[in-house]
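Have a look at these structures, which come just after this line.
After this come two complexes, each holding subunit A, first together with subunit B and then together with subunit C.
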Partner chain A sequence: MRDKRMTADEVVAELADGMTVGIGGWGSRRKPMALVRAILRSPLRDLTVVSYGGPDVGLLCAAGKVRELVYGFVSLDSIPYDPWFRRARESGELRVRELDEGMLQCGLRAAGHRLPFLPIRAGLGSDVLRVNPDLRTVRSPYDGEEVLAMPPLRLDAALVHLNRADRHGNAQYLGPDPYFDDLFCLAADRRYVSCERIVDTAELTAGGPAQSLLLNRMMVEGVVETPGGAHFTSCVPDYGRDEAFQRRYADAAADPDQWPSFVDQFLSGTETDYQAAVNAARVGA
Partner chain B sequence: MARILSLADAVGEVVHDGDTVALEGFTHLIPFAAGHEIIRQGRRDLTLVRMTPDLIYDQLIGAGCARKLVFSWGGNPGVGSLHRFRDAVQNGWPVPLEIEEHSHAGMANRYVAGASGLPFAVLRGYTGTDLPAHNPNIKQITCPFTGETLTAVPALNPDTTIVHAQQADPAGNVQVWGITGVHKEAVLAAKRSLVTVEEIVDELRPRPGAMVLPGWAVTVVAEAPRGAHPSYAQGYYDRDNDYYQAWDAIGRDRDAFRDWLTETVFNNTATAGGGTR
Partner chain C sequence: MSQTASARPAAGYTTDEMMSVAAARALRDGTSCFVGIGLPSTAANLARRTHAPNLVLIYESGCLGAKPDRLPLSIGDGVLADTADAVIGVPEVFNYWLQPGRIDVGFLSAAQLDRFGNINTTVIGDDYADPTVRLPGAGGAPEIAASCREVFVVVRQSRRSFVERVDFVTSVGHGRGPGDRERLGLPGAGPVLVITDLGVLRPDPHTRELVLTDVHPGVEVDAVRAATGWDLTVADDLGRTPEPTERELTALRALTAASA
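Entry: the complex of A and B
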């Protein structure tokens, strides 16, 4: 079996300008932040990002990486709104496809099933159809009822972060929620999973029930070991959300005068530099 | 909150003549005890729905309970045909049986649509088969984006779904583990539901990967120990393969089947699947 271990920078080197990239996790929970930080360091641009958004979206907007955003929501959970997302929206420079959460899931599912659409009720009766004029409805061939036709959200690449993985791409979540990381991978042509720790395959089943093995190696092209790779989002049970750091990020993001020094301190170096700066800031605080 | 009744009262409440009834369980947790209770109560003209009609539906069909069968695969797994089912289709014995045949994926999608409150489901199945020519419920639908023709199947919303599970608590919350098949979808799609369980426990202990049917999604719960026999209940008992083998000879012969009905179903009100040996 193939050894699929890569570095975060090698993952980003396989991405290209203009790609549609799906990012797993949910809000400020189990986001592949080390892979996002690797994108921040790269010259990559004009991405279409598909996400149940959290600080992944905010940071990519801050760095000017996003041309279009497809989302069900963007939130930091304990802080309702991401300031960088707010600024990108208010500037009008960001193209957006704002969907109901259920529609986003349905679109990923349609892509995973390689279907050109799936029917869903979500979105009907709201302004989703008005703000997304590309959407269509379809009539039931049985009773003529009209439902929404959700097109597939095909992804060029998916980035997800799990607790454990083996070198072949079998990956495991140990927290309470799989989110939709499996659907992101099934919807994508190239799938990259970062994890807290790469372990032997046997250790995966020893460490949790079979149902916690969310991704199998057929769903994964690359595996990256990135301890602390979801920081500052949560990666339960390895660690919770770093609320103090998230507050620090949100304060800096809300203040254009503060932001450059935040970038200097945390986002101007490698992932190792980032983790060291976070630790130093924690000790200093 | 689901009410907890005896098996006889539960079946009496949720299964009526002429109803569309789904007994589900994918090789595992097949609700035999409830099926036998339906036979004992003499229900007629049922439309029976099941992805994989095996012995339980052979028994219900042979007992004359069914008018119609909606299914995707029928047989005695690993053994052969269902001879009561064949006798009904070929000879109308004991009563004629109409059939509506689907693919497995089509049936699963129909339950999902029913559980989701959607009027239909979309899939790529059935293409290249003769099923659409024989089943007017299988229709085509055109993708509004690509113009591609896909298959539509109508939502399935049984009057009653019956499944078997390992445990329920006194509030009627049900915990199922092992192969859960379409348990969840079939229960959520139905107007009424009965879950028979191996045992009612004071408190459900969380199990990795287990599925919980909350009490508000279930109409009635009945305790039926060994109620899935001769199929199996993970954590309780194994599949009785000898029963499936022995069924072949019983099912092939009307008299042997009548004797089996009398001995095993009608003279055994405590039946929980019931043995043939």
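Entry: the complex of A and C
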């Protein structure tokens, strides 16, 4: 079977300016941060980012990578607001397509089903329809009920992070929640999974019930082994969120004077440099 | 080119074995195949044990990439889930894998098949309300026939199974001829290959009628005509299926022995 192992930088090299990129995880949970960091140090730009947003969104906005953002929310969980997202949103530079979680899921489902739309009640009567005038409603041919016809959110690429994967692209989550990572992959043309550890296929099956194998090799183009690749978001049971580091990020993001030194300390080198700097900061704390 | 031991034709084999071998050969390595239980499952597992180790077998019960070491008794057989790359829910199989056209080949069987490759697994008899034989029903076959990129059918050929018009269209093949699939909005190519115990049929690209394109070793065209319920067209360049090799036959017999 095909060996799909690659590096984070090789993944980013397969992306192009202007692409629509879906990012898995949810809030500040199991985000493919090593892949996001690889985008930060690449020349990639003008992305349309689709995300249940966490610090992935903030960091990409900080680096000027995002032209348009499609989201249901952006939050760091334990810290309600991501300062960089807030600044980009309030500056008016960012094009936004603000949905809710249900509509975002429905759009990913429609894309995954390859259907022209899927009906949903969420959003009806809200101002989401006013600010997204391209969204339409449809009447049920059975009882005339009006529902929102959510169009597909087709993605050029999906980036997700799971606990384990094999080299062929079968991938497993070991935490309590799959989030929407399978939907992101099913909605996308090219799918990349980073993971804490690449193991043999047999070890995947032994590591949890069959249902924990969220992704299979038919829905993955590339596999990247990135220990700590979700840091500083959570990746339970391998590790929880690094709350101290998240606080440090949020403080730096909130203060334009502090931000350059944060970038200099953590985001100016490779992923190995990042992990080393995080460890050094932890020891020094 | 001299024949290796494994490529040497086998001495004695049954018509069913020839059918399974011919059906297995049709599957290309590295593709994905939605497998029906019975003859398709035998052929698909034989393919995986011979020339197509990277074939991704998908069973309707939600088993993706199943690698059973024996033939499953049903789509719910535990050997499928135990050996699968992933196990998902049945609704997901239909919504995310079949309907969007992600599967290369749908591999089906049939109780009745007509000259346009339409499949009946519902009822035999003219009166739907009072059928001669009540068959198991559609299952997932209609959506498989609609949405897989291609459909292969493996079925024993006789006048009872190969009819001018099926008594009930359960799964649409080429409808009543050219343009029907397109008119119905069916995304897949429909049945492109029918493998029987006598030979191989393919739809004519213009009329979409099933045409005999190959006969198995030792089978005369007249015998195929006699087992067909319509005026069978025979391809000008009629081919002959190569006999099963020792390797194919050994693998097939090991598979069926393991499943006994």
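Going forward, the second predicted complex is superposed on the first by the 285 of 285 C-alpha atoms of A that agree within 3 Å, B and C clash if a C-alpha of one lies under 4 Å from a C-alpha of the other, contacts with A are read in each partner's own complex, and residues count from 1 in each chain.
Criterion: a contact is a pair of C-beta atoms (placed from the backbone, for glycine too) under 8 Å apart; a residue touches a chain by one contact, two chains touch by 3 or more.
These figures come from a predicted structure and were not determined experimentally.
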Ask   = Touching A:Leu124, do we find subunit B (first), subunit C (second), both, or neither?
value = neither
Key: Touching partner for A:Ala13 - first (subunit B), second (subunit C), both, neither   = neither
Task = Could you look at A:Ala280 and tell me whether it touches subunit B, subunit C, both or neither (first, second, both, neither)?
result = neither
Query = When the two structures are overlaid on chain A, which partner does A:Asn170 contact: first (subunit B), second (subunit C), both, or neither?
reply = second
Inquiry  = By the touch definition at the top of the document, which applies to A:Thr137: first (subunit B), second (subunit C), both, or neither?
reply    = first
Query = Does subunit B (first) or subunit C (second) touch A:Met1, or do both, or does neither?
reply = second
Message = Looking at A:Ala149, would you say it contacts subunit B, subunit C, both, or neither? Reply first, second, both or neither.
response = first
Inquiry  = Quick one: is A:Gln211 in contact with subunit B, with subunit C, with both, or with neither? Answer first, second, both or neither.
reply    = both
Request  = Decide which partner touches more residues of subunit A, taking subunit B and subunit C as the two options.
outcome  = B
Note = Dual-contact residues of subunit A (subunit B, subunit C) 113, 115, 210-211
Remark   = The residues of subunit B that touch subunit A in their complex are 116-124, 139-141, 143-146, 148, 150, 152, 154, 208-209
Subunit A-touching residues of subunit C, taken from the complex the two chains share = 32, 54, 56, 64-65, 81, 84-88, 95-96, 99-102
Message = Quick check on the complex: what are the subunit A residues that touch subunit C?
response = 1-2, 109, 112-115, 168, 170, 186, 201, 210-211, 213-218
Request  = Give every residue of subunit A touching subunit B within the complex, in rising order.
outcome  = 113, 115-121, 136-138, 140-143, 145, 147, 149, 151, 208-212
